[in-house]
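Same chain, two partners: chain A is paired with chain B first, then with chain C.
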Partner chain A sequence: MMQFLFLSFKDQISFKVLNLDKMFSSFQHVFSTLGLVNMAASMAVTCRSSALRLNLLKKGINSRCFATTSSSNNVSDVKQAGETEAEYPPVLDTSFKATKDRETQQWHKLIQSLPTVQEKQLELNMSRYYGHWACQLSPHDVHYNHAEFIQFATRTNVVEAWPNVYSTLDDEVNKFLPVLKKKVEDILLLELCHRPKVDRVESRQQKETSDNIIWAINHALVSLLSDQADHIADSQSDLSPRLEAFWWLSDVPADSRQRHVRSFRRHIPEEERNDPVSRPVQFVGQPALLVRGRLPLPTLAGEGDPVGHQPPPLEMDSREPRTRQCAYKFRHGTNIPGVWPEDGRQFGLVNWLTREHLVRHATKYGQHAAADRPDALRAQACLSGFASCLSQACGVGFSPLTELTYPLTTQTVITDGRTWTFSAFQLNTTGALLTPAEHGAPGNTCWVLPEMKLYQSVTEKGVEGLNEEVLKRLLQLYLLPTGDRDGIDLRPYLDPERSLADAVEDDWLRNKYLQTYFHIMSCRPRSRLKDEVYMWEKIYKVQFQTRPMEARKRFFELNKYPDMRRLDDFYPGYIPRALRQNFVPARFKAASKHEKNVFHEMGRLRGHRNTDPKFLQELQELESWRDEKDK
Partner chain B sequence: MSTRLYPLYQRGNPQLRIFLPNFWMKLLKPTHPIPSNAVQFMVSPEMTKHDVKQYLEKIYNVPVVEVNIANKMGKLRRTDKGYIVKDDDLKYAFVTLPKDMTFEFPNLMSEEKKQERSDQMKEIERVKDTYKKDQDRFKDRPGVPTWFN
Partner chain C sequence: MRFTPVLHKHLLGRWYNDMWKQKKRVTVDNRKLKQALEANGKTVYDAAKLFGVQWEDREPRVMETAVGAEAALVEPARRPEHHQTAAFVYQGKNLLLGQRQAQALTNTIQVGEGLPEQVTALEGLERIRNQDELVTDVIKTSLMFDATQEKLSKVIDVTRLGLPQPVQYGVPELRSNRSLLSGLLSLCERLAVRLDGFQSRLTLYRPLLSATHVTSDGHRLLVSRRPELALMADRPLPAPAPAQAVEASRAAAAPQLEPVSPFVHLHSVHDYQWRDVAPVSAGCRHRYVHTLFLAWNGRIKKWVDDDQLGALSVMSMHAAAVNMARQQAGPGRPAVVQCVATDGRLFKRSVLQLNTQAVPDPTSGEVSTRHQLKNLLWTEPATPLYERCAYTDGRPLLAGYNAEVFNRLLALYMNGLLARTVPDLN
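So, the complex of A and B:
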């Protein structure tokens, strides 16, 4: 009978933990007086168990009372019997913000641990079926006083000088200069004097001329240097490739809508309602020409160089992109450096951009345009440099949410054939993980030179006043040798043996996965467009409930929000009954009439990642590797 | 303008005087941070961005780099009789000045005045509160004055 009573008491203790210290001491007293020493001892052990202690922590009760009460002779007896000291899990901050931060960290680690580029890029888009609401940036829309915002958005410092690395190439440059000069003169004569003119809009005309000159000069440079420079001989040139980059911009102030929504959430304390947010940003550009190779360019400023490692500019009047005339749009995040991830030549060497947007800039801003032009060029150089480096980084296995292990570099030429601007960009950080606490960390650096004229005039007789300085800079860009970074793995977060083709043996599954990847990267709209609330519904159903008797069938009446739909949340394609393999009648298995959900299948093949020991081990290795590196 | 039609000017007619112009601009204090060289206005819905630019440049000699216009839909509300009506739309103009210029919205009310206004509002709230309490106290006894106890 007593035994039964005790059991029931013990149950009570483990589930009801109010006034535990009182209950505990009174029970112990009762059992001791009754002579049930063993029972009292076992109860003490129960109370020391980690589960109970966790319960106590959850309820906010200080568990020290147990440590004092349980230090009786009975407990020490039990310890001697071979019991080891309990190991408690770490006490975590359970506030809403801390929990969310931990989830985000875990997601970042997941992206880092995925073995292929395609999987990483899909994971970035996995949370939004209809795309992220992303700020759209383009090299064609250069607004007034745009450089300030672009420097903030790309975490870039501008240095109006030229990196010292190039000064070592002077001998080689002088060797090739006379030949290049002759070739460039021929090209200019052909393009500006002998090519028949077509009547076009000014910006279009300028674009065509500059494209022609760029392609011809690049061809001349590559053919001239191929014998001497192996990296040029091995390079590839693309005309008008897709250059797209996607990242998260932290430190954007919360807008009124965000503050309004937060005011309804009880778990967000009042002082956190105005906290800044992270906004997705999408850059979409198309350089006139891109030269790329197998190995990266060298670092332009080493770790000790203070010029290349200044903290990024973060203080501004208004950090909201909409006040800087940049619009938001729903779009899938795409990181495309001009090539697909399977290509061998992932690293960009020279980006060639045109200046036709400056014609529009001049028309739009009239008398203020001339003073703003250096700013516009600086903005273009920063934006293209950042986008190029970031998308390259994504191509070699980093992501906007994974910090780089080595800096990446690219070179940019902006020209219309006559006026030339040279810039070099070094990506030290992807910037998305930059929290206010890390404001002192180094940002990216963009070296920009002022505008230079290549020639004074071109007539039938020849080119007058050809500026050799421009050609020297151009040769420097092409002659800067690429190479391996000493002792650094260029693709630390990619599994070399697990490209997507190796990772997924099943043909159907692999094709399906690639199909989804290319569909996302193509940025075509979904075949079924996003549900919208029509105006009459907003007035008569949402804002004023004037139709209470109607059946609630629309998505907003069923609490389904299309913006929150995940990419892996869809019905796979329908298979006609005649074509189904291993046919199972629908009454037994409703899902059999659909194709397999590719994401679920991938998950099944890889195992559930959070419990998969191999995944956890990889994660552990990566972390320890990074820690050692930081030391 | 108070008249709907613009009167055709004939030579010799008296000079045309306008008392209620169609084009008006109201300077606003921005509700969110905007760049220091930007100014926000509420303007007449008939004005285009060219009108706004001309207005500021010709009348006030303010150099304007760019004007952006935003139309905001009027609020929907229910009237006393239960009809749902829409208020007039509003047009906002965001004007960008040259980058070496800054504009700060002037402080229109002194600190004492603000304090006075706030005290008055508190008093009004207190009176409203008292009135409501009295109403609640006597809600089951219609017609009985509040001093009756």
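So, the complex of A and C:
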């Protein structure tokens, strides 16, 4: 098309320089208005191509009229002639990598501009019908020397200390300590001495006992503090909630398959074939108990605090998750802080975790398990804290692809009733996960205390050696008040005026979209499983073409890629004739046999990205930002 | 068809397993060989006698049954929970003939309508801050906003017989009911500090509860049902009925189910654990069961109503009270237990005063307990906490919230906590 335009204007190109300048700028304006942003951008690039310059030089036109913004002095010369200043589009890099990066940035902006949590989460999964091939992480699968990889995967720096924020609560803690101490003694006596055992398997019995003690102590703390602390009075406690987090992890080394595929891509230079890649990561956890509130916890370390913004350690043997016994699996990405987004209490206050996995850890690693236990607990605290913060960030409108506007905090307790580990996590950034890990770049912070024993022994006579330090830490976690962040909007990327419940007037669309959201977030298997290449087909059809006369009907013979199938690429449900509407115009009769595609309908309602002026404006801002960054 | 692991498990795996089970019992039958050899004049010796080997007896063939196939494969005498005497077992999943059968089984009579005055007098005395808002939030979170998505039991849609039935995912009822009860109890507990009862109460999550009975003609009855929650106290509840009323109960008759036995619908089994299990042992300071919180966890919910919740309440309260009475190890005061039973929407309150541990015979029924002391039951009709709580047309909806229900739960919680309702232990 560009060539056509050029040829059609070639004969008229002998007019003045400034007229030509106006002409190009006006075309760019037309293309921008029509939504053809890339066309408008490529026009400027094409005009700087050597062929065009050659033609123009033949016509006696100086090439300064196609100069980039860096040659603005020449334009100012022209301006002195009394003409208006030309506005040039930014110069875009048209290499494959830069184009892909630009598309990715546009997608990030799109997710940021979506007005509801449900739409953001579905857009994260929109590119994969059968889910992302994601590395699966679990707090209960803690392997040997696991902490360093978890710190890399969550970009977290571990501090073996306790934040200073808690020291201001000492007076209140000492006030409640005697009452709580007596109550905890009663709970321990009842649970450990006077309650019949349920399970004969050690890890299961330990899990049962831990859950009971956690439940009882949490109930005691909430009832004790609800009259004094408003944030506890307004909180809710969930038993075994669904805590899941999904993010993309950059700087994972490319595996042999990736390098092999890259070797066939001509647009990938040889020096880039070994570049690291981004991999989806899915955390699936179920804490024993989760306390949630309406407002976030305060920042544990402000921007000026160097302790809370240290770079994570990046020196390790391998960054490949599979070398850490973490498997990959096709699964939809889910970010769930225990409840759906309609619940008002999205901010996690205290995470209660159990230690029964350490029984398996000890069995698995034998004599080395004891030395590795602090490492395992550190990994568990980091992973659970990060997942809790990220999922609650997604619950208030951020995403793993959207940078936070304020840090988020959560607190974690890991216990089996006797041994306690306290930790606090501050999520400073999600952008660090998307960019290459650089030495010195600040990340997130996890404060972890060493293990503490709550008691020495519990007999029917009583509890011996009750450690008040544990109870003080526990009270500190519950007494740390929540609150607003000094005028910062807690949900900057959610639009209450465009919520699903209020703004979508079509009952069918609203209901169907919500059901689709639940369906995708449940991660149930698809009704039709993904196409696969059978072993005999791989041998006789793919590797060796031994059946040339056979009809090419299989998906891999028709250039179809199930992995690349989009989430909205499906036939909607069939409507039986009896249930169709009475009157359907003839031109819509074929379409009326099926329901409407819920994603297309929602996209039509929200506006397509190329016609949405808000999105175009954000895109322009993004490009200008990138230009400034390049400078 | 693709040879998937599921297919393998479904078809070939099952075939392999069946073949393996059959082949392992096949032995070489050499009778024809022996006959042929002897017909040719050869002498055949028995190898076992010749070498002095003692062959082990072959395993007896055990017929597999549809129910408990794995258990049936083990010899009955080797099963640890096997008993020669069968017992009638109630585990909370049986649909009884309503509350009448539960009363007949436990030798209980109902006293009037409603709860005792010492409970009803407490209704509306105390409220917690933002009570209605907090209660509605607990309901919404438990039933709507909980993000748990598990595969639910299949509900057969009779209008789609012959067609694939839809697979439902969502929050299992058992989980939502437990969350609901836990949240409501947590709100009730906020009164404990205000009423100076923080140290006198403890809550138990999923306590064990089992009670055994032997009837006068030697039959066994086992009631075993784990409540969802139990509220324990350091002192017993005051008896709602005075001693005269207890003595007068001899003249009353427990409900009669004639011509059927009161033990109808109970499973008679040989595999059971014959022991009393109290939520906590006798040495514990908080050994008195104050209130049981029960949720219907059977699959047959569509038949569950006020009557079935009443039956569940009576059986569970009786088991808890019997354990408390046996822990006292002597002729003590009557054991009193309160109960809240729910199916997620209906809430039913009950109070039981245990005066006797005697239960009727399966054969003679009510006649066997005539002119004896009876247990006393106070109960009220189940009340809905809300009419509907679900996503409706894509919007979260809680309709018909009944604020009175939580006030009644608060009254149950306060019973025994306020000074005037605490019994004089001296």
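By our rule, the second predicted complex is superposed on the first by the 506 of 631 C-alpha atoms of A that agree within 3 Å, B and C clash if a C-alpha of one lies under 4 Å from a C-alpha of the other, contacts with A are read in each partner's own complex, and residues count from 1 in each chain.
We adopt the following convention: a residue touches a chain if its C-beta (ideal position, glycine included) is under 8 Å from a C-beta of that chain, and two chains touch if they have at least 3 such contacts.
These numbers were taken from a predicted model, which means no experiment stands behind them.
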Answer with clash or fit: chain B and chain C placed together on chain A by superposition.
fit
Which touches a greater number of chain A residues, chain B or chain C?
C
In the overlay, answer first, second, both or neither for which of chain B and chain C A:N145 touches.
first
Contact-wise, after the overlay, does A:L190 reach chain B, chain C, both or neither (first, second, both, neither)?
second
A:A216 contacts which: chain B (first), chain C (second), both, neither?
second
Which partner chains sit in contact with A:H368 here, chain B, chain C, both or neither? Use first/second/both/neither.
first
With the two complexes superposed on chain A, say which partner A:N274 touches: chain B (first), chain C (second), both, or neither.
neither
Looking at A:V339 after the superposition, I want to know if it touches chain B, chain C, both of them or none. Which is it: first, second, both, neither?
second
First (chain B), second (chain C), both or neither: which does A:N164 touch?
neither
Shortest CA-CA distance between chain B and chain C [superposed frame, angstrom]
18
State the interface residues of chain C toward chain A in the complex, per the touch definition above.
2, 4, 129-130, 134, 137-138, 140-141, 144-149, 151, 167, 169-170, 178-179, 182-183, 185-186, 189-190, 192-194, 198-199, 202-208, 232, 277-281, 283-287, 391, 393-396
For the complex, give me every residue of chain B touching chain A.
31-38, 63, 65-66, 68, 76, 78, 84, 96, 98-99
Quick check on the complex: what are the chain A residues that touch chain C?
179, 182-183, 186-187, 189-190, 193-196, 198, 211-212, 215-216, 219-220, 222-224, 226-227, 233-234, 236-239, 241-242, 336, 338-340, 342-345, 460, 500-501, 504, 507, 510-514, 518-519, 521-524, 529, 532, 534
With touch defined as at the start, can you tell me which chain A residues reach chain B in the complex?
143-145, 253, 255-256, 317-320, 323-325, 364-365, 368, 371-372, 539-540, 543-544, 546
